[in-house]
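In order of appearance the chains are A, B, C, D, E and F, and numbering begins at 1 in each one.
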Amino acid sequence: MDKVWLHQLCWTEVKDYLHLADTIILPVGSIEQHGEHLPLGTDTMVAEALAEAVARQTGVLVGPTVSCGWSPHHMILPGTVTIRPEVLIEYLYDVISSLAEHGFKRFLLLNGHRLVNISWMQIAAERAKRQLHIKVYLADPGFLSKEFARNQGLELIGHADEIESSHMLYLWPGMVDMSRARDFVPQRKEYLHVDPRVGNDVLCYVPSCPEEMRQSVEEGAGVSGSPTRSDPETGKAYHDWVVDRLVSIVNDLKHS
Amino acid sequence: MDKVWLHQLCWTEVKDYLHLADTIILPVGSIEQHGEHLPLGTDTMVAEALAEAVARQTGVLVGPTVSCGWSPHHMILPGTVTIRPEVLIEYLYDVISSLAEHGFKRFLLLNGHRLVNISWMQIAAERAKRQLHIKVYLADPGFLSKEFARNQGLELIGHADEIESSHMLYLWPGMVDMSRARDFVPQRKEYLHVDPRVGNDVLCYVPSCPEEMRQSVEEGAGVSGSPTRSDPETGKAYHDWVVDRLVSIVNDLKHS
Amino acid sequence: MDKVWLHQLCWTEVKDYLHLADTIILPVGSIEQHGEHLPLGTDTMVAEALAEAVARQTGVLVGPTVSCGWSPHHMILPGTVTIRPEVLIEYLYDVISSLAEHGFKRFLLLNGHRLVNISWMQIAAERAKRQLHIKVYLADPGFLSKEFARNQGLELIGHADEIESSHMLYLWPGMVDMSRARDFVPQRKEYLHVDPRVGNDVLCYVPSCPEEMRQSVEEGAGVSGSPTRSDPETGKAYHDWVVDRLVSIVNDLKHS
Amino acid sequence: MDKVWLHQLCWTEVKDYLHLADTIILPVGSIEQHGEHLPLGTDTMVAEALAEAVARQTGVLVGPTVSCGWSPHHMILPGTVTIRPEVLIEYLYDVISSLAEHGFKRFLLLNGHRLVNISWMQIAAERAKRQLHIKVYLADPGFLSKEFARNQGLELIGHADEIESSHMLYLWPGMVDMSRARDFVPQRKEYLHVDPRVGNDVLCYVPSCPEEMRQSVEEGAGVSGSPTRSDPETGKAYHDWVVDRLVSIVNDLKHS
Amino acid sequence: MDKVWLHQLCWTEVKDYLHLADTIILPVGSIEQHGEHLPLGTDTMVAEALAEAVARQTGVLVGPTVSCGWSPHHMILPGTVTIRPEVLIEYLYDVISSLAEHGFKRFLLLNGHRLVNISWMQIAAERAKRQLHIKVYLADPGFLSKEFARNQGLELIGHADEIESSHMLYLWPGMVDMSRARDFVPQRKEYLHVDPRVGNDVLCYVPSCPEEMRQSVEEGAGVSGSPTRSDPETGKAYHDWVVDRLVSIVNDLKHS
Amino acid sequence: MDKVWLHQLCWTEVKDYLHLADTIILPVGSIEQHGEHLPLGTDTMVAEALAEAVARQTGVLVGPTVSCGWSPHHMILPGTVTIRPEVLIEYLYDVISSLAEHGFKRFLLLNGHRLVNISWMQIAAERAKRQLHIKVYLADPGFLSKEFARNQGLELIGHADEIESSHMLYLWPGMVDMSRARDFVPQRKEYLHVDPRVGNDVLCYVPSCPEEMRQSVEEGAGVSGSPTRSDPETGKAYHDWVVDRLVSIVNDLKHS
């Protein structure tokens, strides 16, 4: 199949697809500041790139992207767009339920925004599974690359960091301005970590409020991590790793 | 400025933009069936194409697209996605209010979905203007091409019709399969018209329910109108006409 | 039938009515300033007068009036009452769904408040049609008198204007104080028109915010138009024209 | 002052009123079955009649009536309209807050629907008092005539009963068909009473569900009580008693 | 049965219970200031004590307590927790609907917070009865001890008053600090009473706003009434009276 | 301080506390099936026991418990109560905002329900931090005992498993019926794990729907794990470990 995006098909093509298959991938991202070297749409762009790669390998359709997410903590820098999680739950639910009404029965929600989107996506996904009698998996690259990051000795997940910048360098080098990449690793608090790879005892994540963001903004220009360590080869290896896991998950989903 | 899309900028570029300007265009579309010859994303694609063209001529940014709209009447054919208008009001309000918080003060909401999205967009726009102390204009190509359509003798607005198909033929010829275009002009009821050009006395529009759509679906495969009459030249002329009006409106908005 | 208003009947009379018919008219109005010469309840009063006249000619019942509407733009002058459109959608939906539960199947929503109420009424009407499996038509005198106004050379629709004042002079002369009628025709902006008769390219309507209303309030005392041109004969002709169209629409609705 | 209804005034008259006074009465009623002898609008009509009488004696304005109320228990008979209490809370809140924005500071909510409307009116009234910094009193004729009913030996409050029918016979004799009045006094359950006059230990009121209404509907045609005992003289004495109390309450409110 | 609280059982014990019975008591209370001599949890503690006593006498289960209620008027003193009534309606509805899904069919809602909680409990109870096809009774000790209070010559219901303090002295003497009990009987306004025992004409209750509470707080330290008149014997007699009524009500509920 | 629970204090004691401190712990639990050997209230009971122990060591108050949580996946077995997450967000927000209004500025939300409650607690916590300008930490024993569980070689987190049963055996031995404990370890799916200790690549958690629970219910009677391996000594060591971490976190919170 050549066209993998739902919006590129006409309804008869969707009808044909549904005779053979009932799986779809929904990318979810954000529009939020990513330092001075990455574009605001980074999360959405990586979700879409991963989804499209998985779709090409599995023959599965990719549905409409939810391109804005929950980003209250990044409102401190201009261009960030944040939607209330209560609204996103309903928006995503309606996307899923529209597709379920046509016969889609297996959904892979693919989050490009790491930890922050997961809570409201869980709530939408549970309601959709229960009320619509469908399967919903919820995937996030940060959780699907724990082994890779550990094996490669990558730094812990931050924001606009080594992993994210490497990924973007591989995917869209023209959108990254490495000359403006600035490293800033805030002093870690003992129980506050956002990388799921961390084996220590941790508190659960709550998005920061503006006061809590100030230091990272003033000293790191919105970065938390070491983007100067990034390179496209790491980005490619990371991308391939995550796509590989997602392909395996889609195949599991199709037969579950 | 080369990059006109918000998501392509990094936050410092938005900051720079806001030193000089405070206007932004938000495209709003839909994912809904458009007959057998046009893709589901037609409304979103034309909203984005018009917005981008206007942005290039005016130097104004284009913000995140609302790519799914209110399409309950097209749920009868597969692939259509409809979001409850109550949810869309809140979603669009949050997009606008996030941007207003950063200093954007003038918004052009650009609808590619014709009549159906307008009601919920009006409600979101009014609340945003009043609560956020900003300017919001609401534009729709159907309302901005009344003179053009009359002058050109184009058929009345339907769905996946002469105008829409011509526009797509001009913008994305590879996405249109004219070999599958099928004409179907349903018998008009005396007071039921959706084209704002009509000078007769009319009832107000209410989206059709599934039963009301059945005939147009069965006889017209989702089309209401004469797409076979479409051609890229008409599409270009229409596009230029609407862009011209929008440029004039953006200039008015900037100085209002 | 002598009593046409639902609230005047006892339940056995409604039961009898439902053995023979299933159509009902719901007037919707507003409480908002109408200049110094017209009462705040003008919109509700004209909706009720039209509904009652149509009911008498067609034998159809008139249901409970929604007497407050969406009037945020007129809150700048005292006495105006505005209900959030989100609330009005639910209120009107509950009125319709209560009546549908008893067996009413055909609804004519009759708006006396012109453009402003239409958006939320469309949303309520669509949901009601789809979820309750009923017919709903949405009528507005401004849209049903385009031909009349053009034929008579009446000024474009404004607020508390020639048409509205003439209509009130005919219906309730004792409620109109022509000695205080004041003309004020704000300078029209190129793409901003509220009269559906206008053949030009237009933006879509968004209710004004307080700042936008200030000039019309200060110079026109709440009027936009030329009420001094009004007379009861024009009001009668307009009333009869609209009633005539509505009777025809009710007859169509009954047999749809 | 001749005109006591808000909707009959123009905005300059409201402005003049607000220079001298800041009190307003809001009638709240219902559209629900009232047996075979009383009209569906009984509750609204008595609320409006009481409010108008009080307004004439005190010079206080009467605002827009909330004409539909919460009547789930009477949906078993045709013509009843019930609005969800969650919606009514918001609707009434918006009416109050619109008026408070213009300078009204003292509100008398006057319920004609007895026990059923009180719960949602309490919630709206408390929020309005706290958020808008206004005074709100909540009056109900059933609670304001405990002494009268006891003194006169009237039967306990039911529905479409002696008191209600007498009141309507006095106010609108042409709307009452005593030839169809039918007595039905359901067997009282020990702890279930709706008359606030009852001195016994009682459970709190919860509106009946359809199954609980069936007997009263089948045996009493919607009546609970003895309407055949009603007469206009009792209605007048009751009306005068309640008006007298309300006048005293309005005077207290004006000086509180 | 030894364990009467739902949370103390394991699911198999609930399953066994449901083979024999389908009744459950849900206590509802508040966390709000109760003067200087009673704990903030007084309302919840008395609701739980009454519920447990009734459960032991009837063999009926006691479900999860709603321990916070609607207390906007007591927010003027620290420690008070108030939940919006709109939220409490949904919370209680979900508790009931979860239990109804398992087979519970008869619910006694037992309020320890007197008048204030009743309005939102009525709304939740009505919806639950109608949508879930269950029985719901709503009991409040203030309404179930009208005869007792009259017979005993107890003062009218206030707050942290003779009855409440006596009840706590009987139930939890260690939680009452009578050395800090302070009497304060605010001057009663003619139509404003909260005791359902009052035979006079009254307005309906609306919770006070902060300004209205100031005097009682400054002069009475949060008390309205005469707690110094309280004693454990009165508390015991009151407790037994209310339990006796509730047992009779539960028995009625079980056979209704 | 002897009394650590908010509801046991009177308002003057809270006032005194707030002169010296502004930290409070809010336990959050659930009422849901925990196999045949543990009570439905297990999650709430452990949250309260941990909170109370931490309060005693740190002198910090414990606020009202949210005793019902989000448990849709356990509705398959009787006694489980689930509240919609949208409702829990508002309920918890109101608890926090009431306390913040009195001067509490530092909140430790302590979840006893493991993964399932965390998503809605995150949403409530973020809104509270941002809108109320307070500090909120979100703690969960499963995340705070990763090191302990690894060191001790405890099995992976399931439900009513080794850790939970050991904890209950230590805290409330009389509430555990080890004679009915039954082991059931469902076959793990490759990417589906709920224990945050797992180092592998994982999908994100979405609560199971009824169909997905059936096997664990039928074969494991609601257990997922090996409760027969539990013992009170492990429970005590686990309890002390988590309390130790929480004490350290509270001390950090007090000085943050």
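By our rule, contacts are C-beta pairs under 8 Å (C-beta built on N, C-alpha and C of every residue); 3 or more make two chains touch, one makes a residue touch a chain.
Owing to the predicted nature of the structure, the values given are computational and were not obtained by experimental measurement.
Undergrad: From chain B, what is the lowest number of touch steps before chain E is reached?
TA: The fewest steps needed to get from chain B to chain E is 3.
Undergrad: Give me the set of chains touching chain B intersected with the set touching chain C.
TA: Output, common partners of chain B and chain C: nil, no chain qualifies.
Undergrad: Over half shared or under half: which fits the residue numbers at the contact of copies chain E and chain F, same or different?
TA: Looking at both copies, the contact residues mostly coincide.
Undergrad: If you average the CA atoms of chain A and of chain C, how far apart do the two points sit, in angstrom?
TA: The mean C-alpha positions of chain A and chain C differ by 48 Å.
Undergrad: Between chain C and chain F, what is the separation of their C-alpha centroids in Å?
TA: 56
Undergrad: So which bits of chain F are touching at least two other chains?
TA: none
Undergrad: Which chains make up the ring, in order, starting at chain E and heading to chain F first?
TA: E, F, A, B, C, D
Undergrad: If we count contacts the way the header does, which residues on chain A are in touch with chain B in the complex?
TA: 5-15, 18, 31, 33-41, 44-45, 63-65, 67-68, 75, 77-84, 86-88, 90-91, 94-95, 98-99, 101-103, 175, 177, 180, 221-222
Undergrad: Can you tell me which positions in chain F touch chain A when the two form their complex?
TA: Chain F residues touching chain A: 72-73, 85-86, 89, 111, 118-123, 125-126, 129-130, 133, 136-140, 143-148, 150, 189-191, 196-197, 199-207, 209-211, 245, 248-249, 252.
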